[in-house]
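Chain lettering (A, B, C and D) follows the sequence in which the chains are written, and residue indices restart at 1 in each chain.
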């Protein structure tokens, strides 16, 4: 536990110092990694912990982004203020959408989540309720203000985004080691046994979706304020697939693994951009190849989760964890 | 855990790339080299590299060679924003691109804040130049201008009932909306308006439905692959109705897809293709391009990126500086006329290209695009 | 008084009547056995009580209130816990975590509690751990607390299931073949455990094929054959019931 | 009313292609429980290989269009089957014992890899099939104009599907495939070489996908390197709709999806067509959680 904590502190310290040595491009790559880290961590709750195959996560990302954009452009609500609202709206969307489909298993759930994502994207393209701006999307979204300071430079976003990542990691570790986190594990391992042990599996699944959706929604709000323009093109099926890949390649269920996955999957194409310059059109070819090789050699992902152990007192004494 | 730190270290090490003193004038190009629009991007690259070679053969600019710096925007906004940021770290003096309004918009602010002059090619959304950005220009015309030409064409041909079909891309919908707005004022009925899904193959269901509405003509504002299929399948269901396309249908592949018989009689609007221009520069370009790559350029948008490149080259020469302010000032100055591939290029204060650009073309029985008087 | 009452319960799967108009009751503090040949519908009766299946007809009353049609976790919450015939542990998780699963429905910390880790939430977590360890101690698996469930022997896995069920603080404990796969020694220990359970005031309702265990442990037996109840009563009377002997034990069979 | 029937034929033509691709998904799924996301790209590969063979050998000039296309189809199916088998050996076999989703990610990697390989070899431009290969005839069925090719395609896909069905149901090898789909371990105990079955499935599925690619090329005339993504997702939807793992289910699902799309476009909205199709899928799965013909598996407790 302590070793993990130290590594995290060191890593975040390195990230905090990175603007000293990295140029804007690499800072933006780190920002992109950070955004996807939040998205992947949020999907990890659903896919990695609860074991629910969700390949439509971009839908919740979109809900958050559009929510922030609409609140900001129509009602002038500052982005950071709208963050919790976006989370709640996305969570509500997650719970609402998943209510009727939650009993589906495995791949049936997977295709239905794909369907939900596509339906939402099509709704956005068709300018549903006249709010989403159709294929143009919404533009003129404000940059976020933090204590009266306008955030716009890459390194400023680095602190905002990675600060959010740090908070997410901290909270999700707590969540994972809580009653709720364990319930997700039981659910993934054996749904019948979990229900038979008194766990409300239906509700737990919904909560998993709601939490995952909430964080994806907040990531969407951050994305909207970073880009200042959003359009349905940013929330395609491919986006869901990308987040899905990060979770599985990183190590489904393991927070550190998922973070590493985000570095790898989002970082690698940019890496290739910088170092295979001559073969720019082969960038994605390398990427696909790397994915296959990675899965073949680390079939469980980079860092698969291990079992959770508790520090126990010597027999007869009180327990402390 | 160590792995993570090592990764960060490697990132750090690689990021400290040496910045050499500028021995060349670097011009950045943002283009979709991968993804669905890769064909556009790769043609942009070919055209600009050809033009750069010619500029260099003629002595370069300001005594230096021109170097083209390509950046892949992947055809999606997030990647485009990253690509734009990377371009700002590569010592370029100005940027050509992108293809696609929403892709352009993702990088627009990044270049504006840098600041760098950006000349977009395939970005027709009206709002791009309505933001008051000082350093943004485009060689492509705007949706509203094309919409005006489209509406006038429909009116001139005497159609009373028109079906409008787009593909729900930002560009096609923009054009469809502009045109429909104008048609209303002209007393022309829009009896059908809907959007197809690009990338599919079978549009018979849509054609059947449209046919049921009985329009005099169909305006399709999407791209050539779908236009070609629509023409082909329209003929198959035995529907003989005039089709009119927007400038995204200007591509020789249209006829290949539809077949000559089905493509014959198809009208489309477009800036003039280089083959049709009287200017020697255009003729030479087409000849050179064909000699180097084996066929004439297919996409008008890629050709417009060549115009963007030439504009920047001329502006640097004219301003005798690679300073962003000066380049932009030169380009927007009244009276500046650049000899481009699609004719003389001049920009207004907003950064839009001025002058009548659109022409009407018709496909003849041999599949050739014939400029209409 | 009756803790559990089943009245006229019937369940069909397609054309097959798996449980046919079965009625019986389990009194508080008793150990009751449900026996019958393979395929008699015993496990189905259990599944009907615990809400895994819903009876087509009939009524299930627990402590006087109907629990028919409730979801399983509600029934657990009401005070009925169970083990499974085919062991269903969370194999890749630790023994202690398996027991904590049972504590879930007795805890209240939600998502925000987990985020905030308030003193109350910490205290609850600590109490759950303590209780889980107590239950492990009770079944004799405390020393295995940090082992993986899949590493336990078959017999110990059955005990772990009992510990997990106990952690839900049940009034009625339903055991589906608890001695299945156990050796003699383990079976003896199990008998001891069942008696200890009764001493704790927990009512036990079990399916078991090991007749010696059944005869020693149970206060009362219910006998099923082909989905129908053919006998109910104390072990001695059931043992001598000619219907049971004929249908189940067979004329020449020993009790073993 | 005529428009309605016209739309029915439109839907069936699209649905036939979906069904053919869906078969590949469903067969692989049946045996390996793997969603082979690269299947759509094998379909694309079929279309491109067909293009190359057609343009480089001038086949139809030598032996006449019908025989030419038949030979072409066999060649394309053989080549795509070969690629499918190599794919299985290299990208999926090492993952057979790992968590299911790892193999899915490997399949996604393979999809990106194949798609970009095609782009690198053929370039990103649309490739257009020669026009003179197939007859342009339009025949009139009950007064409706229906292109002959459309009927031929539907017939060809039905023939392929029925052949596959008979093969799976009536032959020994087919029985082995079905057995391996139900329980690999038990099948192995019964002396079935499960590894060979998997190989066979990875020959048959891609071959059918490749043939669908060729049909799309021949009929629609236009292929591009990203089309596998669009068709693949639709076909996968069709397979799930029918109950994945179930061969008649894939056929039914494909045809039904085609019809839903055509009728949805005709009578509700073209722009919302895909949303309608997915909506129907979700509705059907809510009512029948394992698809139209999928078996309902009750949990053994």
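Note that in this section a residue touches a chain if its C-beta (ideal position, glycine included) is under 8 Å from a C-beta of that chain, and two chains touch if they have at least 3 such contacts.
Owing to the predicted nature of the structure, the values given are computational and were not obtained by experimental measurement.
Engineer: Closest chain to the protein CA centroid?
Structural biologist: A
Engineer: For the interfaces B-D and A-D, which has the higher count of C-beta pairs in contact?
Structural biologist: Between A-D and B-D, contacts are more numerous in A-D.
Engineer: Could you grab the centroid distance between chain C and chain D? Build each centroid from C-alpha atoms only and quote it in angstrom.
Structural biologist: 49
Engineer: Let me have the rounded angstrom distance from the C-alpha centre of chain B over to the C-alpha centre of chain C, please.
Structural biologist: About 72 Å separates the centre of chain B from that of chain C.
Engineer: Please report how many Å separate the Cα centroid of chain B from that of chain D, as a whole number.
Structural biologist: Chain centres of chain B and chain D, defined by C-alpha means, are spaced 35 Å apart.
Engineer: For chain A and chain D, let me know how many angstrom lie between their CA-based centres, rounded off.
Structural biologist: 33
Engineer: Would you give the residues of chain B that are in contact with at least 2 other chains, written as numbers and ranges?
Structural biologist: In chain B, residues 34-35, 38, 42, 168, 195 touch at least two other chains, as defined above.
Engineer: Can you list the residues of chain D that touch 2 or more other chains?
Structural biologist: Residues 116, 119, 124, 271, 274, 299, 301 of chain D touch two or more partner chains.
Engineer: Which residues belonging to chain C are in contact with no fewer than two other chains?
Structural biologist: 52, 84
Engineer: For the complex, give me every residue of chain A touching chain D.
Structural biologist: Per the touch definition, chain A meets chain D at residues 47, 53, 100-101, 103-105, 107-108, 110-112, 114-116, 118-119, 122-123, 125-126, 192, 237, 241, 244-245, 248-249, 252, 281-282, 284-285, 287-292, 294-296, 299-301.
Engineer: Given the complex with chain A, which residues does chain C contribute to the contact?
Structural biologist: It comes out as residues 50, 52, 71-73, 76-77, 81-82, 84, 88-94, 96-97, 100-102, 104-107, 109-111, 113-115, 117, 121, 124-126, 128-130, 133, 142-143, 145-146, 148, 164-165, 167-168.
Engineer: Can you check the complex and tell me which residues of chain A touch chain B?
Structural biologist: Touching chain B: residues 3-4, 7, 10-11, 14-15, 18, 21-26, 28-30, 32, 125-126, 134-137, 139, 152, 154, 223, 227-231, 233-234, 236, 256, 259-260, 263, 267, 269-271, 273-275, 280-281, 283-284, 302 of chain A.
Engineer: Show which residues of chain B lie in contact with chain A when the two form their complex.
Structural biologist: Against chain A, chain B makes touches at 1-5, 7-9, 11-12, 14-17, 33-35, 38, 42, 70-72, 76-79, 81-83, 85-86, 88-89, 101-102, 105-106, 109, 113, 125, 127, 168-170, 173-174, 195.
Engineer: Can you list the residues on chain B that touch chain D in the complex?
Structural biologist: Residues 34-36, 38-39, 41-42, 168, 194-197, 199-202, 204-206, 208-209, 211-212, 225, 228-229, 232, 236-238, 253, 256-257, 259-261, 298 of chain B touch chain D in their complex.
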